[in-house]
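This structure is in structure tokens; I'll ask about it shortly.
Chain lettering (A, B, C, D and E) follows the sequence in which the chains are written, and residue indices restart at 1 in each chain.
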Amino acid sequence: MPFDASSLSLITVEILTAALGLAVLVLGVIAPGRGRYGLAGVTVLGLIGITGVAISNWGANGSLISGMYLVDNYAAFWKITFLVSAALVVLGSMRYVDNLGSTQKEYYGILTLATLGMMVMASAGDFITLYMGLELMTISFVILVCLPSTNPRPVEAGIKYILLAGMSSAVLLYGLSLIYGLTGEIKIYEVARAVASGDVSPALILGTVLLVAGLGFKISAVPFHMWSPDVYEGAPTPITAFLAVGSKAASFALVIRIFIGALPGIWQHWALVVAILSAVTIIVGNLVAIPQDNIKRLLAYSSIAQAGYIMVGLVTATEAGVKGIMFYVFLYIFATVGAFTVAGYFYNKTGSDKIKDYAGLSQRSPLMAAVMLVSMLSMAGIPPLAGFVGKFYLFSTIVSDYLWLAFVGLIMSMVSVYYYLRVALVMYRDEPNDPSPIKLTSPVAITLIVTLVATLFIGISPGPLSEVINSAAHSFFIQ
Amino acid sequence: MSFPVLPVILLAPVAAAVVLLFIPKEEHRLIKSVAALGTFVSLFLTLVIYFNYNQDVGGLQFVTQRDWIKDLGVTLFFAVDGISLPMVLLTNLIGFCAIFASWNISNRPREFFILLLILITGVMGTFIAHDLFIFLLFYEVVVIPIYIMVVIWGSSKRVTKEYAGMKLTIYLLIGSGFLLVGVIALFVKSVGVLGAPDMSFSALAEAGAQLSNFDQIWLFALMLFGFGSLISMWPFHSWSPDGYAGAPTAVSMIHAGVLKKIGGYGLIKIAVVMLPLGAQFWAPWMAVLGIAGVAYAAFGALAQKDLKYVVGYSSVSHMGYVIIAVACLDVIGLNGAVANMFAHGIMAALFFSMIGFLYEKTHTRWMPDMGGLGRQTPKLAAGFMLAALASLGLPGLVTFVPEFTIFVGIFSKYGGLAVIGIAGIIITALYALRAGAHTLFGPPRPEYDHLEDIKGPELVPLVVLGFVLVVGGVLPSLLFDMINSGVVPLHAEISNVLQLGGNL
Amino acid sequence: MVTISLTHYVMLSAILFSIGLFGVLAKKNAVSVLICIELMLNAVNINFIAFSKYITPADFMGQIFAIFVITVAAAEVGVGLAIIIAIYRNNLPVDLDEIDWLKW
Amino acid sequence: METCIYNVIAFYMLAAVILGSAVMIVAVRNIVHSVLFLAACFISMAGIYLLLDAVYLAIIQVLIYAGAVCIMIIFGIMLIRRADMKESNLFNKQTKLAAGVVAMTLAVYGILAGKTAWTDVTSNVPVPADSLDKIGGLLLSQYVIPFEVAALLLTVALIGAIMLAREVKADGDN
Amino acid sequence: MLVEFAMHHAWLVPLIPALSFLIIVFLTRPFEKLTAFLSVSFMAISCFFASLAAYGVFNNHELAEHPLVYNFFNWLSIGIPGANELQINLGVQLDPTSAMMLFMVSFVATFIQLYSVGYMKGDPGFSTFFSYVSLFAASMLLLVISSNLLEMFVAWEGVGLCSYLLIGFYSHKISAREAAKKAFVTCRVADFGLLLGILGLVITFGTLDIMELNDKINNFKEYTSYGTLTLLAVLVFIGPIAKSGQFPLHVWLPDAMEGPTPVSALIHAATMVVAGVYLVARMMFLFDAVPAAMNMVAITGGFTALFAALIAITQTEIKRILAYSTVSQLGYMMLALGVGSLTASMFHMWTHAFFKALMFLAAGSVIHAVHTPNVWKMGGIVKKMPVTSWTFVVGGLAISGIPPFAGFWSKDEILVATMNSGHYVLYAMGAFTAFLTAFYMWRLIFLAFYGKEKPENHPHESPWTMCVPLVVLAVGATVGGFFGMPWNNMWAHWIFFGEPHHAGHVAWGAMISSVALAVAGIYLAYRLYLKDTEKVKARQLAEKYQFWYQLSFNKFYIDEIFLWFNHTVVDGSAKLMYLFDIYVVDGIVNGLGGFARLTGDGLRVLQTGSMQNYALVFFLGVLAVTILMAFTGPSAAGLVLGGVM
């Protein structure tokens, strides 16, 4: 059926983001030399504006082009998450980007378009839109990872990322093609119906495996996680933050859409596999993080471990599971952005990522130390912070039939406290080698305060957020 | 009382901590007095409610309840009953004295007192909360301040303070990890049984009783592991001696005095009440582990040369009594357990504060090179002696009657084990007196002549805790009537489930 | 084999995919890895078009999907080559074995 | 299904060419030769598409892949200006291991794909003739969102490629 | 009327010294004069009350049958009333025995405090000394009047604490510190047994009230078997073994002499050590119901008497000799109880308190004057310190059992009781101990007070505050015996167990033989130590029986055995446990930590950095997932296997 203009209103958020992206790109070219700082301001204001728009039309459920593009509360929630994380990343990285040199003009543009890619992924109704969103996000991230191209590190990260991403998208495509071949459908909910009705053919198993691999790469589940520590360490810190936050969140939105949306029919097949993958991810993520001495690499492994915790929500494929994932991703975003902004700003000021150079940070700048500590402990799941509630939701879904996974998850999250506290130890106990206080620029300070307040607020009173997410998770299942 | 007294008690220290944020770093005296004021307010209010808690009605009083997380059924449920009120009183007493015990902290006092106040609030929260989620919230919030305090202000003697702090933290967290799994499983099963999710103790107890025998057993095992590691039950005790030796005085006071009791309190109020059949199944094991703890740690304490290690091991030994008392699952046993927790708390706090002062003055805790301080610092010696005598359970001090009650309780149920337990009092006498005699009596050493005795604010722990020690010993009914009013209804709840044998 | 059925095409695409995969895993030169990725994507295209012909001949779902895959592949090659040139300019070795500064 | 024999022969010939050139791409030592084989492979693939009545796609395959992509790769290689092209396309250390893994993967996929009874899902409705304008119509009606996203994707790729590959001017006007 | 008041408020007697303790500790610590006055006056008031109460009890006879019992404070009540409920309330039980003890303790304590005012003058810890002594008096008196076993146990430990503090009073001496610790721990070991006994009683009979226990034990069949009752009796008896210095656990008493002499007089002669005997007397009904336990008490008593006497004859320090003589006399009292005669035991306790306190105080004055405890270094003190010496001689006469003096009547009572109850062997041991007692006592007197003066020490008479108590106690030592003379045996009517003692029948034979033994002992001592001035004969005897002499001098090496046991077994196992804890339990914990770190390092190395390794791992992962999914799915296994075949 032809595309009717009336339903255009449903995708206003996407259109606005695309417009913002292109506008920033153009501005970058037109604006005179010094005007470049304005770009960041424009981007942040734009993103915040769009978030407002997204929040305002929260309830508008509907699907475009007969199911090709689903705009339901579920997708709306994810879009708000992406916009918030994008805004925070841009806000936190203003000074960082200045010394990226001349490429700074296109940085904000591509970043916004990456956010657009995520949004498309979140509300994609069929395989093609899903794939296009995924590729838009990946390509823009590849480019962002390689900035500044004069420095060998990011470029090395870039080459690794593009080749591995290309290979994984090929694998993902192969899986999609097999499923398309079996069911003759590419719309997610039709595929669900076809899979539920038809019997389980070996090709379907193969297809599911390839999907697991392709998407596992994106959310850095263990056997497919090898790329993320190198890319996280190589890439510039704000981009690493956005990668760890945006790309992972979008991939989880996709994973839910595909596994719980399209393949519930063969749930009992992939449930145990996902459980085992999640357990292995948690164990490897936490254990390898222990000996790390570079803060970005440590945060990379801890974010792999967080991916493991989030995968726990997938195992039972119930509404509670989806709710657990969305809740945990939302609070994970604030914790990760907080931690990476501190790392980025510290790198900006002192030029080092080594944990031992963080000595005496609490005396040099109490806010940075506090934010780093709070974010890390929230990831570890220490009570007053958001992580605890998130883990409670997640593990309560699987306790009845996958008890061993609950054990692995909780014990490993307590082991993770070990390497988080080692960083806290360095920050709080040691004397700084140069005691000059680190002055925070206002945008970075704002980001840090926002993340700190958000983590504490969600931890202490998770009530309101869990209501919102309930409605979002519920809308996922009605179609 | 309409006035929400419990939240005020809970938040007074936090308010003081917030005020401290704005006081400049150099004002040492002002910082300490604000901190003292904070704890004094909550101590005073606790005493007020302690004396007008009417015991014949019993049950939960001074209740403040507000919905918190609807879909998990979590309500902010603060209340106090016969068992939790003494514990709250204990927390405030020790908290108040801990402030004064660390009166001459010199480096970064502001951060120290902020963390200390947060620690006190966290510990108090666990005793007030009657909602499992809030209990867990407070149960784990305490761990990080302790780590930071041990790492910055600790002292590394046999093991570095980083090792001690890390071991303390990770050990307790892994214990609480197991507990968390147990709690989540219980919660999920209770939703099945009750219909609506409800996290309050009473609802979970009602649901827990209806669980199958097998479920109750493995759930109780998890909780036993979690609470056991906190109350330093035998195989999981290795964190407590190192932890206390590494920690600064105030932290070891609060940790030995109160934090361990959360384990015991949790064991009674949560594990035993909610999973009576599990408790019945594991009771013999707990008894054996408890007694192993008593004998093992008593001998361990005997072999120590460092004062803090002696008290560390002795607290493990005393907690062994509590565990076996809980294992009796009868009124007298439970009464004895709660009372012993209170008594040991007071004793351990006094002992640690005295050792703290001793360490500040002589800069050593190594018994062989101490001696004859009785003459040079008489008040400190009196306090030290009082604590040593209390630790060996001298009648007339608060520790005797609870221990006697425990002996009566366990003697009837576990005869053989009880004899070993009671033999423990001999070993306890040996190491307590050895600690006391070696430091206080004997020829005075010239190098300690310049020491001036404890005076002014440093006297507060001795006076306050000493007073409670003696009054509690001479008039035990003050403590026991309150605890009895808490234990009797609790025991009635358990026994009718045990009689029914639970529905398999 | 009298007639050409769908299985033949699937087999062809699987073999081509495996050759591409072997190239990605085994070749030292970054460009050849890029080429092999293109091969894998083409293998997927064969799959799509074969399914479009045999399974959903009425609407061209498979073919449209193939079109998009081609566009993405092209974009990817472009960016890939740009990065390889950037690597060359940073006088890093183009052999993938030597690019291992970021490790552990 | 094409029953006449020509199609069968054509399929097998094209398949042989595709697989042969693919193997040569991987095997040959000179990078430029492998690119040439790549072009050959793309063209034979276009043939396969014709067999599958995907006329429009065959044209696109030839135009974009055989034409643009191969030329671009050649330009890329030239820019890198390796001294000797002879040794430019060697195998790395983990070749044997890779071969083993690939063989196993192929075996597993072959079995799984082969085992599936594709035939019964096949419907034998003929492909409509005027596929070109039908696809064009669909692209802009049914698949308009992926189309626009593809457009943005290409823009980003374009800008990104330029950014990364351009010569950094000495002064670097930041 | 005042008597009635005193009887019904007997708990005032222990309360007054407790008050004086508190006042001294908190208020009058720095002013020595005031403290002394306060403490002695309070003690006197409480002694006055005690005598009133004793007089009241003495008058109405039926108290012996059913004593006056009333509770004055509900100490503790736990559990559900009716069900398994523990109810303990502090009460007073007044009967002839406790009345006698009440009077005796307060009387002796008052005079000893008066004596120690002089003795302790100038000592820096003067007021602390008086606070400890008044605390001791308070807990001893509480022990005497308590009606409840747990109340008695509390007082029992309180007394133990005070003896620890007082023995360790000269805390700068290492020997004092060790002696104090030894005393406390030995008593603690015995308290373990007593505590077990009390627990057994409370669990089998449900109450700790002595009167209720009395009724229940009389028909114990319905509560428990005979075996358990014997066990309980033995356990309860373990407590007094240490407290009253009976055989195995007597080691702490001689070392307790480290404390100031008034302490030794008050605690280790008159009052505390007697507490054990008093407890057994109090629980007579329990032991009576179990003849086996009675015999055990008797045998322990008899053996301790003989054993201590054998050691006393070779000791050289004046206070040690007196200490061993106390142990021996306590053995006598236990023997009396063992053979069933409460009257004899209490009577001997009464008399012993007087003359032993007297002798200790006198010894104190002598040491104060001569500055050395060694008997051989003293000599001819009688000329310089007439009052002290004569009072000591009176004490010596009393203890060795010379007729008019108190010791003779009470010891004779015991020997007669042993004879009547048919324990002939014990009678022989008792008689021989009487002979030894006379010998070592007079050996002491001849060596210390008579013989030629040693030039280096120049003794001088002690001030009046120290002499008055000596004289009063000497009078007590002489007059004390007349209460229990066999003719008009007032004592028997007053304190008895079972049927009253049939007065009037006098066992002349036993009386005469015991006097003869006493005189023989004195004569032997005279021959050896006074007549031949250089003590040649004594030394020859010592060389001849070298082995026995060394054995007795080194107290049969019991101390060494205990030290060895304490050092190797207790400390050894403590070290073993500690090492086990560090290396095994800690080892496991650190091991786990290390293991986690090890795996962390291992996995970390997998991250080789080369992109193609990652791709390889990626596809190995894909393979693994395929196999995993193929074989773990419910129906897939058959499908794939079917497919593969």
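The rule we apply is simple: contacts are C-beta pairs under 8 Å (C-beta built on N, C-alpha and C of every residue); 3 or more make two chains touch, one makes a residue touch a chain.
This one's a predicted model, so the numbers in the text were calculated from it and none came from an experiment.
Any chain that touches subunit C and also touches subunit E is listed here: A, D.
Separating the centre of subunit B from that of subunit E, both taken as means of CA atoms, is a distance of 36 Å. With centres set at the average Cα position, the gap from subunit A to subunit D is 31 Å.
Subunit B and subunit C have Cα centroids lying 65 Å from one another. Look at where the CA atoms of subunit D average out and do the same for subunit E: the two points lie 102 Å apart.
Within subunit B, residues 170 each touch two or more of the remaining chains. Residue positions of subunit E touching 2 or more other chains, listed in rising order: 604, 607, 609-613, 615-616, 619-620, 622, 626, 640, 643. Residue positions 128, 131-132, 135, 139, 142-143, 146, 149-150, 158-160, 163, 167, 178, 181, 184, 201-202, 205-206, 229-230, 415, 418 of subunit A each touch two or more of the other chains. All chain pairs that count as touching, in label order, are A-B, A-C, A-D, A-E, B-E, C-D, C-E, D-E. On the subunit E side of its complex with subunit A, the touching residues are 596-597, 599-601, 603-604, 607, 609, 611, 613-615, 617-618, 620-622, 624-626, 628-630, 632-636, 639-640, 643.
Only residues 610, 612-613, 616, 619-620, 622-623, 626, 640, 643-644 of subunit E touch subunit D when the two sit together in their complex. Residues 92, 94, 97-98, 101-102, 104-105, 108, 111-112, 115 of subunit D are the ones touching subunit E in the complex. Per the touch definition, subunit A reaches subunit E in the complex via residues 159-160, 163-164, 167-168, 171, 200-202, 205-206, 208-210, 212-213, 216-217, 222-224, 226-227, 229-230, 266, 268-270, 272-273, 276-277, 284, 287-292, 415, 418. Interface residues of subunit C, counted against subunit E in their complex, comprise 21, 24-26, 33, 96-97, 99-104.
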